[in-house]
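Same chain, two partners: chain A is paired with chain B first, then with chain C.
Up next, the complex of A and B:
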């Protein structure tokens, strides 16, 4: 565990160093280039691309978390119970839509750039969070709910004081999945001219420059793995706090 | 559990989902039904339903819409709701084809008529109703497959009859029919080929992981990390090593291995497919009740016999779920293969984005979504059939 933490910290420091000052790593990418191609992408700074990449992911994830958890709460209340079977099958059907198609189909409505990317990330992020929130809210031990009712908690108190806290780790697992998917999907956003790290990869593909593809891919991949690990750790802490164990 | 219907008052009961569907359908009715463009890239002119169709047809569609909304709004039997939604969808589909023929001037090959926002919204509303009635009917798995085939047959009939020939997406198709079927074949070959390879490698790997304790964490972690690499990057990163293999391994280029094209796409899809197959094999084998393996051991079965006759059949539904995830995921991911010259329906999507020709994007996106959807329905049904067969409840 300790070694794992050190490795992750080293990787994080390397990632930040590379993004802030890619030129000092030029030696590592030079052997990959041919015919005096540039080894480091300089059209836009890696730092600005990384930040805008992460901003896309953050905005989309916050929006999809709010909407997905809200929907899951509605369909698990007696008022919205009628929508439960439909919402389940919709979440199932929604997952069959490939992200590229969602992205491309948003273009006529929203134009090129940030708009379609945000919408695609939002829609694609909804499903894992919604499914997990639904699982978290519907699989609580009945005894817990009965006890809460027994001590005279109202529906609202039960939701905020018992159900949501207990479901949080599962919801967080959904958010983690959704973030990892978003980090990867955001790269495709640059096919519709959003400024994300995909720009570097696509520039590399177009000019046949492996160094570009590698540096874009590395930054995105390492970011995804680190975020995934950090959220898993957070989940374990929350699990321990609510006394659940997996 | 308190429901509105339980009050037993004589007033007409309203369905909550029906209210939502009625609202969406009402908004749809106010929005343009079709869009007309003089050629494929100019901005379209919106046409409301009464402009888009001859008067009597428009009146018929409007009446059908009102009837379908009423069925949705009131608490009607499920079968009624199902038939009403399917009938309304059929009316919309036929109407949009007629509208295209009606709006296109005689003999004009440049004009494009595409479905408008109102059409899509109305389709969405009644597809919701159909999905809801389907879910509530809880059809047997084989009936779901039959229904899927019937719907596919109806759409094929519409396409074959030429009723949609004046729609913009089919105009795009007519210009590249040959390429469409070629890319379609590539798309399916990419998705199914990588799935087959992942199954052949992944299931034995899962069995080994299940039996050798130390291996499981390592293999699953590596595959997990692989899954987080964005698909574009993975496709791109495979170009260099495969180009090297093609240049340096005798015979490699002869069997079609090269840096760009289908080979890196196939390898990348295979890599993404491994995790769900291996993970589900491990989970499935772990879920086999210890009593079953003990009994098998007590009967004197060898390791192999136990695996083949007891553990594997019991774990099969879970493994099949993994295969379902992979197939649906691969059909979607194969669109990205077009970026590295791997072909597939993604070719039309990216061409369309490049030319801002949305009909071309649709020509790539619609078959992809339809394929993924059909694969999901069929494999879900098979998983359900297999799991009820393996464990009589």
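Up next, the complex of A and C:
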């Protein structure tokens, strides 16, 4: 655990250093270039691309969390139970569309740039969060539910005071999956001119420059792993704090 | 006082509780006994409207339970269940404070009440208040569950197999605690169990249910001596009727003047304890002392023999 933490901190420091000042790492990428190609991508700074990449992911994840958790709450209330199967299939459909197809379909409607990318990430993030929120809200111990009704809590008090706090770690696990998928999927946004780290990879592919492909891919991959680990740790803390064990 | 009048619950074609009427006086411990599927839990849960009756009525102190919204009714009635149902994400103190918080008590009053209950259940507040339920033993969790049910000083406490998940030693302790608390607060208790032994031990009145019907509602002595139907008799078991009968009476009520030698028994123990001691030590006469250890007379085997016989 301790060693793992140290390794992750070192990786994080290296990542930040590389994104802020990629030129200092030029020596590492030079051997990968041919015919005097540039080793470091400079059309846009890596820093601005990374920040914009993360902003896309953040906006899309917040939106899908709000919608997915909201939907899960509605279909687990008595009045919304009929919509449970329908909402499940809708979220599943969102997942079966390949992200490239969503981008292609959105471009005629929303134009090039940020719009279609956000829509694709949003749709892609819905299902894992929705499924986990459903699991979290429907698998509370029966005696806890019974007690919550028995002490005279109203429906709203049960939801806010008991069900959501206990379901939070499970919902967070869904958000974690969704974020990791989004970090990877956001690269494709660059094919429709959204400003993400995909730009570096695509530039590398077009000019046959392995160094570009590698530095774009590395930043995306390392970010995904670090975010995954951080959210897993947060989940463990929440599990312990809500007195639940797995 | 709780008046249950022709209370009925149907699920489609199935009648789970069938026109049950009974009256529970203030300060009673009414124990509802039955096998699983007898409708005993459904009957209990209709009292605080966790289940809405199909027909019939429940009146608490003359007031129909349907005259207030269900969640407000439930805050006035303590509710403790098997497996305690503590909120795992809230500390022991927060769990106990649940109903007072819902009722909007002032903070100092809530804190004082939590402390009082923790002390009452032998869980020192400074050690236990800030722990999570998962950090307690089964017996401690059960006690916190009962403490939570009693937090808002309800006049009525409903308990659904509250001791079902406990091992025999802790169960005996929990039962003794419950009787002590009932004496102290005068709370009326309605308790559901499948264990006739527990019912006789705890109840001032016992209701025997089978297939949704109330077969007999009487004092424990009456149930033991005159079971209303064969089913009630079966539930009692025929092996130790005499001992059960003796177990319901206090030695102190049957002391005769005189002296005897050997280790004394206490006037507060039951005749069953006295018989056991007499047989075990091979004595026909036992000295009896009161709570302070002062001799008050003696108990003879002949008395025990007479009292253990079937009443005519």
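As a convention for this text, the second predicted complex is superposed on the first by the 245 of 246 C-alpha atoms of A that agree within 3 Å, B and C clash if a C-alpha of one lies under 4 Å from a C-alpha of the other, contacts with A are read in each partner's own complex, and residues count from 1 in each chain.
By definition in this document, a contact is a pair of C-beta atoms (placed from the backbone, for glycine too) under 8 Å apart; a residue touches a chain by one contact, two chains touch by 3 or more.
As the structure is a prediction and not an experimental result, all values here were calculated from the model.
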Of the two partner chains, chain B (first) and chain C (second), which one does A:31 touch, if any: first, second, both, or neither? neither
For A:4, select first, second, both or neither according to whether it touches chain B, chain C, the two together, or no partner. neither
Counting only touches as set out at the top, which of chain B and chain C does A:242 meet: first, second, both, neither? second
Is A:204 in contact with chain B, with chain C, with both, or with neither (first, second, both, neither)? first
Would you sort A:88 into first (chain B), second (chain C), both or neither based on which partner it touches? first
Footprint intersection on chain A (chain B / chain C) at none
Hey, which residues of chain B end up touching chain A in the complex? 1-3, 15-17, 128, 131-132, 134-136, 224-225, 227-234, 236-237, 239-240, 328, 331-333, 335-336, 339-340, 346, 349-350, 352-353, 356, 358, 361-362, 364-365, 368-369, 372-373, 375-376, 380
Chain A residues within the chain B interface of the complex: 32, 78, 80-83, 85-86, 88-90, 92-93, 95-101, 104-105, 107-108, 180, 183-185, 187-188, 191-192, 198, 201-202, 204-205, 210, 213-214, 216-218, 220-221, 224-225, 228
In their shared complex, chain C is touched by residues of chain A numbered 141, 143-144, 146-154, 157, 162, 165-166, 241-245
Flag every residue of chain C that touches chain A in the complex, lowest number first. 48, 50, 71-76, 79, 81-89, 98-99, 102, 132-135, 145, 148
